[in-house]
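There are two complexes below, and they share chain A, which is joined by chain B in the first and by chain C in the second.
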Partner chain A sequence: MKPLLEINNLSTHYHLEQGLLRAVENVSFQIAKGETLGVVGESGCGKSVTARSIMRLLPPRIGRIAEGEILFNGVDVARLDPRGTEMRDIRGGQIGMIFQEPMTSLNPVHTIGAQIVEAIRTHSDLSKAEAMEKAVMLLDRVGINQPEQRARQYPHAFSGGMRQRAMIAMALSSDPALLIADEPTTAVDVTVEAQILDLIAELKAERDMSVMLITHDLNVVGEVADRLIVMYLGRVMETTTAAKVFDAPAHPYTKGLLESLPAIGRRSRLKPIKGSVPGPHERPPGCPFAPRCDKAMAICQTQPPTFRIDDDTSAACWLYDDEVRHDG
Partner chain B sequence: MTDDTILSVADLSLRFGAKPKVKGSGLLAVNKVSFDLKQGETLSIVGESGSGKTTIGRCIARLYAPSQGSMVFQAKDGPVDLATLDKAGLRKVRREIQMLFQDPNASLNSRMRIGEIVAEPLEIHGIGTKAERIERVRSLLERVGLSADAVNRYPHQLSGGQRQRVGIARALTISPRLLICDEPVSALDVSVQAQVLNLLGDLQKEMGLTYIFVSHDLGVVDYISDRIMVLYLGTVMELATRDDLFAAPAHPYTRALLDAMPARVGGKHRKRKVLSGEIGGPSGLRKGCVFAGRCPFATDICRTHEPELRPWRRRPETRVACHHADDLDLGSYDQPPPEPESLP
Partner chain C sequence: MFQNKIVRRALSTVFTLFLISLISFLVIQLPPGDVVSTYVKQQEIIAGSRLPAETIEYLRERYGFGEPMYLQYLKWVGGFFRGDFGFSIIYDGAEVADIVGRRIGMTFLLVILALILSWGMAIPLGIYAATHKNRFADYLLSNVALFGLSIPDFLMAVIYLFVAIFLLDSNYVGGLFSEGFVDAPWSLARFWDFLQHLAVPLFILAIGGMAGTYRIMRANLLDLLDQQFVETARAKGLKERTVIYKHAARIALNPLISRLGMQLPVLLNGTIIISIVLDLPTLGPPFYRALIAQDMYLAGTVLMILAVTLLIGNIIADILLAISDPRVRDG
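Now for the complex of A and B:
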């Protein structure tokens, strides 16, 4: 079966005053219909830029897709005009998106209902009244009590968790085939986080929707994702499954992340990765993780290709090269 | 209060924006909080946003003046009540109590060089000669893992983790005894967060520091704490040793927090249990237990009478504010309660 989303060798560059920033370099992954893919990484790894590339929401004149294709339902989104009808039909229509901080993505001077109605009418021929009816239904579905009254309220009257629910309702208003969730729970409390993740999982199951979940939190991925990619400085370091990543991480970076993670019941000393993520204009040559990697070798000065480890795992690391293994 | 108690907080309350003569007006951020802190220990304060955990830390540092209660601190020159201390007294005691903030971008002056930032507390308190100060700054920066050339840099030239190291060095220049850490690793990347947590642990051992550690992340708290205080709407729900809190939570809210945490049990992620509703507002007059509205065990008494914080029958070292705690077995963090969830 063809995947719903297939990204091949995507590179997205930002042309900044300080020079060229390779925010995303040669990234490839797929999302099947009904699948949840986690995209994990620390700040500056390019996970949000990848999402913005898919949505064609890069800052005009600065951000540019330099190379690669983004096949969504067979259409190469990378070649579409970001302002054209086809792209507008996909953005917010076939692909919905929710962001980390719902307050900055909701308009404070319009009611929640009006904003959902606008989203619905952008992508359908429903009348205002019909759209409002659908908006109330969606608010009810995402777990907002008294949805009729709530639809008439402004964002400031909503709590953080309710705003995120309203954002989800808006993203679902066009029945998208793919939902991109960019750190949807980072700004909310842990009890609310559990509620939101539950809601996304339920909605995904009942609509057979695909989800791309961007997060810095491996635990979140372990709970809700089927497969995941781990990104570092714009590159995919590892592609694996949520079932495998905790017990058998392949890339030294993934291992480092896991050993840095405090978890309840963990009593052994944390083993942090040495150093810190370099700034956007200090990217090392070769493997971007090499300067922080305990296993770094001379060959790591050259960017490694992606090595296939088994059916569902691959890693961009020279440790998996046959010749390197034999020599070592 | 025992001999090694460094701080004894009793009945601490803070009401923001209260109108005089209007009972229950304003916003009750901290509600009759009491606890003792032992020399050299780490006490964590956990809770969701709006629980008042940051506010308690700021009361102790006297960034806020409490409305009620006492905070007796064993200063080098003898005990003082931080709650009623005058300006001169505060200035003196702040040599012994320092704060570490969540966001090192916001708490470091962007126009000062790192060397100046770290030396400033020494200057304010008039400690040492210029040469001694320079030497002190140099050795501290080295100790927190920054290179010598950081002295001449500005905060924006450092990464988030390096900036938090500067925050730590700055807090430690005048050799305080109590450090109030307010979400010190929440803004950091996972790989750097672990470095800072280890550094804080090492410094505590070397210097005999006492920590109050404010955090929302139970994983971090489990790693760093000796004891943990669980807060809900400004009120202490439970106070227990780290091991007891996770092995035998006494309060239904603690149980709910543990259930909402991501955790791996038996090689895979367990399903999180979701606590319905959200934390309510802190304003207005209150009656009964602040958690009653979301509590699966709430009965009439919970809605009419506020429970007191008292020793728990099953583990007397744990103190819990719940009318039904003695009748509840809430399991442990990786084990759900053994019996159906209703009162016997």
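Now for the complex of A and C:
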């Protein structure tokens, strides 16, 4: 079966005053229908830029898709006019998106209901009353009590968790095939985090929807994702499944991430990855992780290709090159 | 909550009005000697005649001269409620209420038209500049705005006088009506004549306020365009126009509304100054003459109008802001 979303060799560049920033380099991955893909990595690794490339929400005249294709339902989104009708139908209609900061994600001067109604009516012919009815149903579905009353309130009357629920209701209002969640729980309390993740998982199952879940937290991915990609400095380091990543991480960077992760019952000390993420304009040549990698070799000065490890895992690391392995 | 705020606001307004009247009263008392003596002397010098003794006695009685200060103040303030704002020396003892009444309408008409014109130009230009940041049009507009901000109203009025009279030989300089129309009833011809007189002073006034409004609008909108909810609006698939106007520009107006309270008195000041230069039938010329001649009832009354405008402007701004921003309304 053809995947819902197929990204091939995507490179997105930012043209900044300080120079060219290769925010996303040669990224490829797929999301099947009904699948949840986790996108993991530290901040500045290109997760959000990848999402914004798909949505065509890159800052105009600064962010540009330099190369590659983004096939959504067979349409190459990368070739569409970001402000054109076709793209606007996809954006919000077939792909919904929620963001990291629920406190600032909603417009403070329009009611919650009005904002959801606006989203519904952008992608359908429903009347205002019908759209409001649907908005109230959606608010009810995402777990907001007294939805009719709440729909008439402004965002400042909502807590952070409630706002994120309202955002989810809005993102799902046009029954999209794909939901992009960009760090949806980073800014909320831990208790709320679990609720929001559960809600996303439920809604996904209910609607047979695909989810692209962006997070810096491997634990979050373990809970909800089917498969995941690990990104570092704009590149995909590893593609794997949620089941395998904890037991058999392939890429040294993924291992490093896991070892720096606190887990209940663990005896050993946390081991942070040495060094820090280099600044955006000081990318190392070759493998971007080499300067921080325990296993770095001479060949790591050259960018490694992606090596297939088995059916559902691959890693961009010279350790998986046959010649290198035999020589070592 | 909201009602409470209105009550509190009304009380503080009354108190501020009291302070304003007190200061205006002190200003009126500042020149040596009392107003009646000045008036009597002035009549002697100019008209060469002495005022009848009963007129002088009546005026002294009316304003409580010779009585303690607080009684004089109370008599003066009490007069307001009867529409009595004192008499004017330079207008031969005419009532200040009449002089001001005949001109206040035209004054505020100019102020309000200038406000509408300056907002009407500044807001769209600010939106355009913010959405075309760092492009040629943005640089051009911002530099023109800086220029507009730096030139005082009166200088522009003087330049206009020079250009209109010596270079264009215009018939529409000074006043708001041509000679034949001053006392004529309103007609299409009179209205057209009025517009031709009005256009340039109005434009000069509007330009002064416009530069500031433009810069604030541009800066606000730039801030707002970086907000997450603007990206949310785009992510919904809305048209870029809807995103800009409904989700960003709409909110960028709020600080302009707050500033309205300050802007009204500034525009009123500008109107007065331009009117002095161009001799427009507003409060400007009599205020100027009153200040020079120490005609303190007239000057004090105009001062009070300035201060009260500031007060009313702020109240209007608060009400509009509460309508416009739910956070202010509920908070």
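Methods note: the second predicted complex is superposed on the first by the 328 of 328 C-alpha atoms of A that agree within 3 Å, B and C clash if a C-alpha of one lies under 4 Å from a C-alpha of the other, contacts with A are read in each partner's own complex, and residues count from 1 in each chain.
Simple rule for what comes next: contacts are C-beta pairs under 8 Å (C-beta built on N, C-alpha and C of every residue); 3 or more make two chains touch, one makes a residue touch a chain.
Keep in mind that what you see is a predicted model, and the values were worked out from it rather than measured.
Student: Overlay done on chain A, so just call it for chain B and chain C: clash or fit.
Tutor: Overlaying the two complexes on chain A (C-alpha atoms) leaves chain C and chain B fitting together cleanly.
Student: Let me test your reading of the model: by the given contact rule, A:Asp140 touches which partner, first (chain B), second (chain C), both or neither?
Tutor: neither
Student: Angle chain B-chain A-chain C between C-alpha centres, in steps of 10 degrees?
Tutor: It is 80 degrees after superposition, to the nearest 10.
Student: Looking at A:Asp321, would you say it contacts chain B, chain C, both, or neither? Reply first, second, both or neither.
Tutor: Neither: A:Asp321 stays clear of chain B and chain C.
Student: Considering only the touch criterion stated at the top, classify A:Phe99 as touching first (chain B), second (chain C), both, or neither.
Tutor: second
Student: In the superposed arrangement, which partner chain does A:Val220 touch: chain B (first), chain C (second), both, or neither?
Tutor: It touches chain B, and chain C stays clear.
Student: With the two complexes superposed on chain A, say which partner A:Arg83 touches: chain B (first), chain C (second), both, or neither.
Tutor: Second partner only.
Student: In the overlay, work out which of chain B or chain C sits against more residues of chain A.
Tutor: Answer, by number of touched residues of chain A: B.
Student: Does chain B (first) or chain C (second) touch A:Glu130, or do both, or does neither?
Tutor: Neither: A:Glu130 stays clear of chain B and chain C.
Student: Would you give the minimum C-alpha distance from chain B to chain C, in Å, for the three-chain superposition?
Tutor: Once the two complexes are overlaid, chain B and chain C approach no closer than 16 Å between C-alpha atoms.
Student: For chain A, which residues belong to both interfaces, chain B and chain C?
Tutor: On chain A, the chain B and chain C contacts do not overlap at all.
Student: Any idea which chain A residues touch chain C in the complex?
Tutor: 55, 57, 83, 88-93, 96-97, 99, 101, 104-110, 118-119, 122-123, 154, 156-157, 167, 170-171, 174
Student: In the complex of these two chains, what residues of chain A are touching chain B?
Tutor: Residues 42-43, 159-162, 189-195, 197-198, 216-220, 222-223, 243, 246-247, 256-257, 259-266, 269-273, 276-277, 279, 292 of chain A touch chain B in their complex.
Student: Under the stated contact criterion, what part of chain B meets chain A in this complex?
Tutor: 48-49, 159-162, 189-195, 197-198, 216-220, 222-223, 246, 256-264, 267-269, 272-276, 278-279, 333-334
Student: Quick check on the complex: what are the chain C residues that touch chain A?
Tutor: Within the complex, chain C touches chain A at residues 227-229, 231-240, 246-247, 250-251, 324-327, 330-331.
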